[in-house]
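Single-structure report; data block below.
Chain IDs A, B, C and D follow the sequence of writing; residue 1 opens each chain.
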Amino acid sequence: MQVRNVWTVRAMVIVAVLFAALMFSPEHDARPTGISSVDSGCSCHSQTPSSEVVASITLANGSALPENYEPGATYALLISFSGGPAEDNNPERVNTGGFNLVASKGTLTPIDNTTQILAGELTHTDAGNDQQAWNANWTAPTSGSAVLRLMTNSVNGDNSASSDDQWNTVSYTVSGAGGEAPTMKANGLTVLFSGILLTAILFAIALTYVFYVRDPESFSWARFKPWITHWLTSTDHKSVGTLYFVSGLFFLGVGGILAMMIRIQLSSPGNDFLTKDEYNSFFTLHGTVMIFLAAMPLINGFANWIVPLQIGAKDLCFPRLNAMSFWLQPVGAILLLSGMFSGMGADVGWTGYQPITSTTDHYGATFWLAGQVLLVASSTLTGINFIVTIATMRAPGMGWMQMPLFTWSILVSVMMLFISIPTFGIGLIEAYLDRTISTTFYNTAAGGDPLLWSHLFWYFGHPEVYVVVVPAFGVISEVIATSARRTIFGYRSMVYALAGIGFVAFIVYGHHMLTSGMSPLLRFVVMLTTMLVAVPTGIKIFNWLKTMHGGSLVYRTHTLWALGFLVTFTLGGISGMFFPAIAMDVHLHETYFVVAHFHYVLVGGTVFGLFAAFYYWYPKITGRMMSERLGILHFLIGFISYNGVFWPMHKLGLLGMTRRHHTYYIRADEYSDIIGTLPPEAAQWNFFITVCAFMFFLSNLIMVYNIIASWLNGRKAPADPWGGWSFEWMVSSPPPTPSFDEIPTLLNANPDHAPGRLTGMLERIMTPDPGDEGEEAGH
Amino acid sequence: MSDDHGYHHGPHDWSHGAPHNSWAPIVISIGSGVFLFFFAKAFTMNEGMNGYIYDSAPLPLAIAGLAIIFAGLISWWKQDFSFDGSYEPQATHGSAPFSNVDIRKVGMWVFLMSEMMIFSSLFSTYIRYRTSIVSCYSLEGTVVEPGTACWLPASYFIAKGGEHANSTLGFMPDALVPGAINTFALIISSYTIVMALKTAKRTDLEHAERSIKVRNYLGATFCLATLFLVMKMVEWFIGFHIGPFEAPSLLSDQFTIHNDAYTYNYGHGAEAGAMTVDIRMAASAFYLTTGTHGVHVFAGIVGLGYMVVKAHKGGYGPGNAVSIEYFGLYWHFVDLAWVAVFPAFYLY
Amino acid sequence: MSAKIMGFDAYNFNFFWLMLLTAVEVGVVAQSENMAWATLVFVLVSIGIVKFLGIAAVFMHLRFSPDSNVLTATALFPVIFIVLLVLMVGLTSPSAVENLPAFCRPGYYGL
Amino acid sequence: MEFGGDIFQDLYIEFMFWSVIVGVITFVWMIHHSFVYRTSDGDLSGKRLHLRTQLDSLRHEMKRAGMDMEFEIEEEEDERAWPNVDNIKVGVFPKENDNLKLELIWTIIPFILICYLCWISWAPTDAIWPSAYELEDAHEVGVTGQQWFWDFDCKGLTSDLCDVGVDSETGLTVLSLKLDETYILNLSSRDVLHAPKIVQYGLTEDAVPGMYTTIVFTPYETGKYFLDCAEYCGDDHAYMTAIIEIHT
């Protein structure tokens, strides 16, 4: 009993320390001007400010702005500019001047019809679009320094926006009565991420305190040191797997919070909860964090824990490389997110299409690239480890065709990852060098080709989405078969389907680029091949269904998640069939239909699969049973709210709601006669989605609570609580270290697993030589 | 094979009391992160948002990152130093078709698979740009707008050399000398490393004598690899003037990734002409591909350094000679990559 | 491992030919001004392939070793993916304004 | 008018039809099986769990004590409630459960369906990338994306065929085109990727810097149509909109 307590304490403290460590902030750089997201001038004219335009703010009587204001007083401002193309006073010119004024404090009020307040900022109206000077009132705040930042456009008046138009900006600081320095206003992103950091630290301290109260003795350095050393240096596959779980769950939370922020922003049209910059960074990092830092570590966690146990190996073949694959991940994560703390997070989309990735002024994009380079290295090492382990360390009697399906799925998945990820790595390094030493791989001026990146990215990216979903297939195969107390139906066709999916992924990647301007011939080829994916996937779904036939299905939490997976994955698979048809893709491309589709596959597929895996292998990993009651609650709320989030997105996408927009246009007011804007009910659907998204997010906290609570107070688990057949159920729960005292031998219930049927030749290659196997595999 | 070799998993097997905890992974990871972070910090985008400004301040920290990586490697090696091959893990009987193959050998080959993909990606980049960007040669005789992007391959600077077209040897331009030496250096080093393997496997020699020979072969490989990198630096940055041989470096020939206004002179006599062209893409592809190869050579040098030290201390014998073979596989692969890189970038 | 090729030690034999071929390669390029472009490429590629095979087969023990077969299969595994990569990424320079080839159109088959 | 244009609508209805069929088959099958073959008992609760746990620790203790002894607990009572048809046992690869005919059926039938769907989505590519002879009387209009606005260029067409203006209500740029004329929108970009998306006609194509791409567009109904940017292009991506006005 004492031993278990120490373990619990150790595990909980590592959670705390990792929370703190992962959120270590390398840089804080609050921006003194933090008054607007618009940093690069007016959106519709040339990119850089021009010194020919001189902007100024004075008082209306002509005198300069006072250095100190009187609290609460109202000042009449004269906003003006001179210089630039607007100077040429040709009467035929239209819309020659405009401005935008933001005040960090106080209130700006228009006093005539030439100015107006838009989104909190003062700007000109249609009527005031030809002027070079405007009047407005500014009411001073009661305290603190105020910054007034003015941007003016000097336009050539040809009524089309072009780079001949010039603009400039100027800022004034008006101090409060005390004349103190301008206050530093932090960026919203900094606030959010510092908030997460702070919460994590407080959480860690609280946890530490709880455990201190429980067992003060465990808090001596003498006991802490070996404990922390163990976690930092361990190469045991189980410890590394646990580390993966901790970091994966943490980043699942971070990605979830980002998603919630995105959903709040989209809950109503024209919302200004987030600035454009923040929104763009959030959806970029939501994608990257969820794929690379949540889904893949969680899969790696299960792979680490379960694969050696399933194939009857004591550990992975290269334990130190395995530890390194893990430790590259948090380091990569810190790099990847480090731009966020200075409000300069990567804002390029998780696909990082060029040339915006090479030219965005958010330097977080450089770190985002660097962080992903480390993740690529990590995945490569993982790939080597698992491929070699599965290829060379299977227990006697376990030919390729006797491997449990989860192991098969991990093999196919790492194989795909391993073959494709160097391509992505090279693309990243090219982009990283573009952003640092100014190579020109994606610089169109030097002949660079943005499509090269798209190709390199999707050559990796498409296998990658299968990489995260294929392990879920493996989990579901195990769960469905075990829950139904049946053998999986069509083991062989399951394996060939997996391998088929893995291979086809490399040919069809171009369907992400059907509208990208790549060679039409290649587009044509991928149109025809993409639909092929449906065949192996269909085989798997029908096999799962057939597995239940004649069985006795026990409804446990993991069974429910597996059935939920079948529902959502089938829907996601069907909606996927709409994209390869080019004539449909040109409408659906980059709409919420795509968003709905890949969330149905990635959340309804991968994440549901991972949930099922959590409930299924939790007793094996911790030696404790999980609470079924909470699990079912989690499933019910999660499944329903999940569908509430993503099902309406199909409709929104069909109506033409485009993704990655921080706002959207409703057919009302001035847009009421424009066909193609969204009908008014789209706003209501978006609000509904947001509400459901919060429910889904919160429902997952139930699982987190369940994991922690069951770990502390759950009932003891037997070695084989569900009745599975593979080796992991043979060892005790939790397994000892090393995992097997002696390597077991797999027996075979099939009297003749002789080659024959469809695949005699493949079979011969894939079964052990008769000489080797003869005595040991014994029937 | 007997069971003695069947079920030992990993060079640091649980049941042999070898260390199974290691600081190396976390240290190397942190080092990589520090390096990439501060390397990126050294460059910021300029205000025009069309280029990057270099700031040397964070660079020492980037180098510190490399030092951390190296410290991690040393801690890794310390654990491996005593490995004498007595429990070289082998694939289990169940794992046909790999039954009884050394696991580390399979691992090395699987690693080489990813290396193949890395170089294939680089070559895809190269082929794509080589086929889509117009060659500067084909623009000869036409009037082009200054700053037009076109492809002026490295081989132009190396083989034709513009006004430096001097050939002391008569049959080979001087500027090709470093590249040619490198090609021979890599092939010879491939040979010396298999000789090291062959020698380490010999049982007809005394251990001390064998160790000296192995060390010498590995040392020769080390020297040739270093020669390779030195020659590459000569070719990139330094240039040379030794006796009758004289060749400018690519840098002084203005073959750089920033050169968007290279004056390309062509033809002789009446056909002579000049144009200002943007050759940044050719330079980028050249430096990235040969640079990636160079990084692989550097990694090989680091590994060879460890092996020379271990061989000097008598660490290699018939029992663990395969370790040399596995490093050799990597080293031959680097050679193979050069076999592809050399014609594509230096000759064509 | 002391495999023999034509009575010579495999390593020595291989090394000798590699050196010779490389010398030929450099020599050919030095003379390339008098040579058709296609000939040059053909010579370089064929020499490159021979060198490639020599290193892989002898120095990397993909021949003459008990585990050669399975390891050769391992080493050749990515080749199909490399071919796909070079075909799809390397050789599809953008040509989007051009139309789809006629043989990809229904009308070509009278449909 | 429905969303997405005529070609999209035709295909969409066809695909929806087959999707619904596949979906209904799958879900009816799944719901049927999960009800018919459910077992209420068999959950590891209470006594049974306790028994197993005890048994495990007993085995463990005996092993530690060096007593090499195998014993099994009689679970007859459970077997009835929890039938183990395939006699699954730990450490034994279970008896294979397959049926080649069935598996072939659900390989081949979906394959045929896929071929059919490929077939019907083949022809419309002619409408998306018409061949040259079909475009002889088409009018070329330049569309250039820049962060974050659209620049339309009528390339010398008469103002009846093509005109650029500003919408008075929304302040957006308006491209006026004529009904039933065929236009080739010649897309390019000055900085990063953009993609004009004419929402109601279901047309999207990326505007890529350094190269030209095209959209073939034949307006068949009058009105003001919304055009937005479908490829992420930076801060004001959402504001990068314009209007295409079709007149007779």
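In this text, a contact is a pair of C-beta atoms (placed from the backbone, for glycine too) under 8 Å apart; a residue touches a chain by one contact, two chains touch by 3 or more.
As the structure is a prediction and not an experimental result, all values here were calculated from the model.
When the interfaces A-C and A-B are ranked by C-beta pairs in contact, the top one is A-B. Centroids built from CA atoms put chain D at 39 Å from chain C. Chain A and chain B have Cα centroids lying 34 Å from one another.
Centre-to-centre spacing of chain A and chain D amounts to 19 Å, using the average Cα coordinate of each chain. Each of the following residues of chain D touches two or more other chains: 122, 125, 129, 208, 211, 213.
Annotation for chain A: residues touching 2 or more other chains are 40, 47, 359, 397-398, 419-420, 423, 447-449, 451-452, 455-456, 517, 520, 524, 746. Looking at chain C, one finds that residues 78, 81, 85, 89, 92-94, 96, 99-100, 104 touch two or more other chains.
Taken together, the chains touch in the following pairs: A-B, A-C, A-D, B-C, C-D.
Chain B meets chain C in the complex at residues 97-98, 101-102, 105-106, 109-110, 112-113, 116-117, 120-121, 123-128, 131-132, 159, 171-173, 176, 180, 183-184, 187-188, 190-191, 194-195, 197-198, 201, 325, 328-329, 332-333, 335-336, 339-340, 343, 347-348. Across the complex, chain A is touched by residues 78, 81, 84-85, 88-89, 92-96, 98-101, 104 of chain C.
The touching residues of chain D, when paired with chain A in their complex, are 1, 3-5, 7-8, 11-12, 15, 19, 22-23, 26-27, 29-30, 33-34, 37-39, 42-44, 49, 52-53, 55-56, 60, 82-100, 102-103, 106-107, 110-111, 114, 117-118, 120-122, 124-125, 127-129, 146-149, 151-152, 164-166, 168-171, 173, 190-193, 195, 197-200, 202-206, 208-211, 213, 223-239, 241, 243.
The residues of chain C lying in touch with chain B in their complex are 1-2, 11, 15, 18-19, 22, 25-27, 29-32, 40-41, 44-45, 48, 51-52, 55-56, 59-61, 67, 70-71, 73-75, 77-78, 81-82, 85-86, 89-94.
Those residues of chain A that touch chain B in the shared complex are 26, 40, 47-48, 229-230, 232-236, 313-321, 323-324, 326-328, 330-332, 334-335, 338, 359, 361, 363, 366-367, 370-371, 373-374, 377, 380, 383-384, 387-388, 391-400, 418-423, 425-427, 429-430, 432-433, 435-441, 443, 445-449, 452, 455-456, 737-738, 743, 746, 765-769, 772-773, 776-777.
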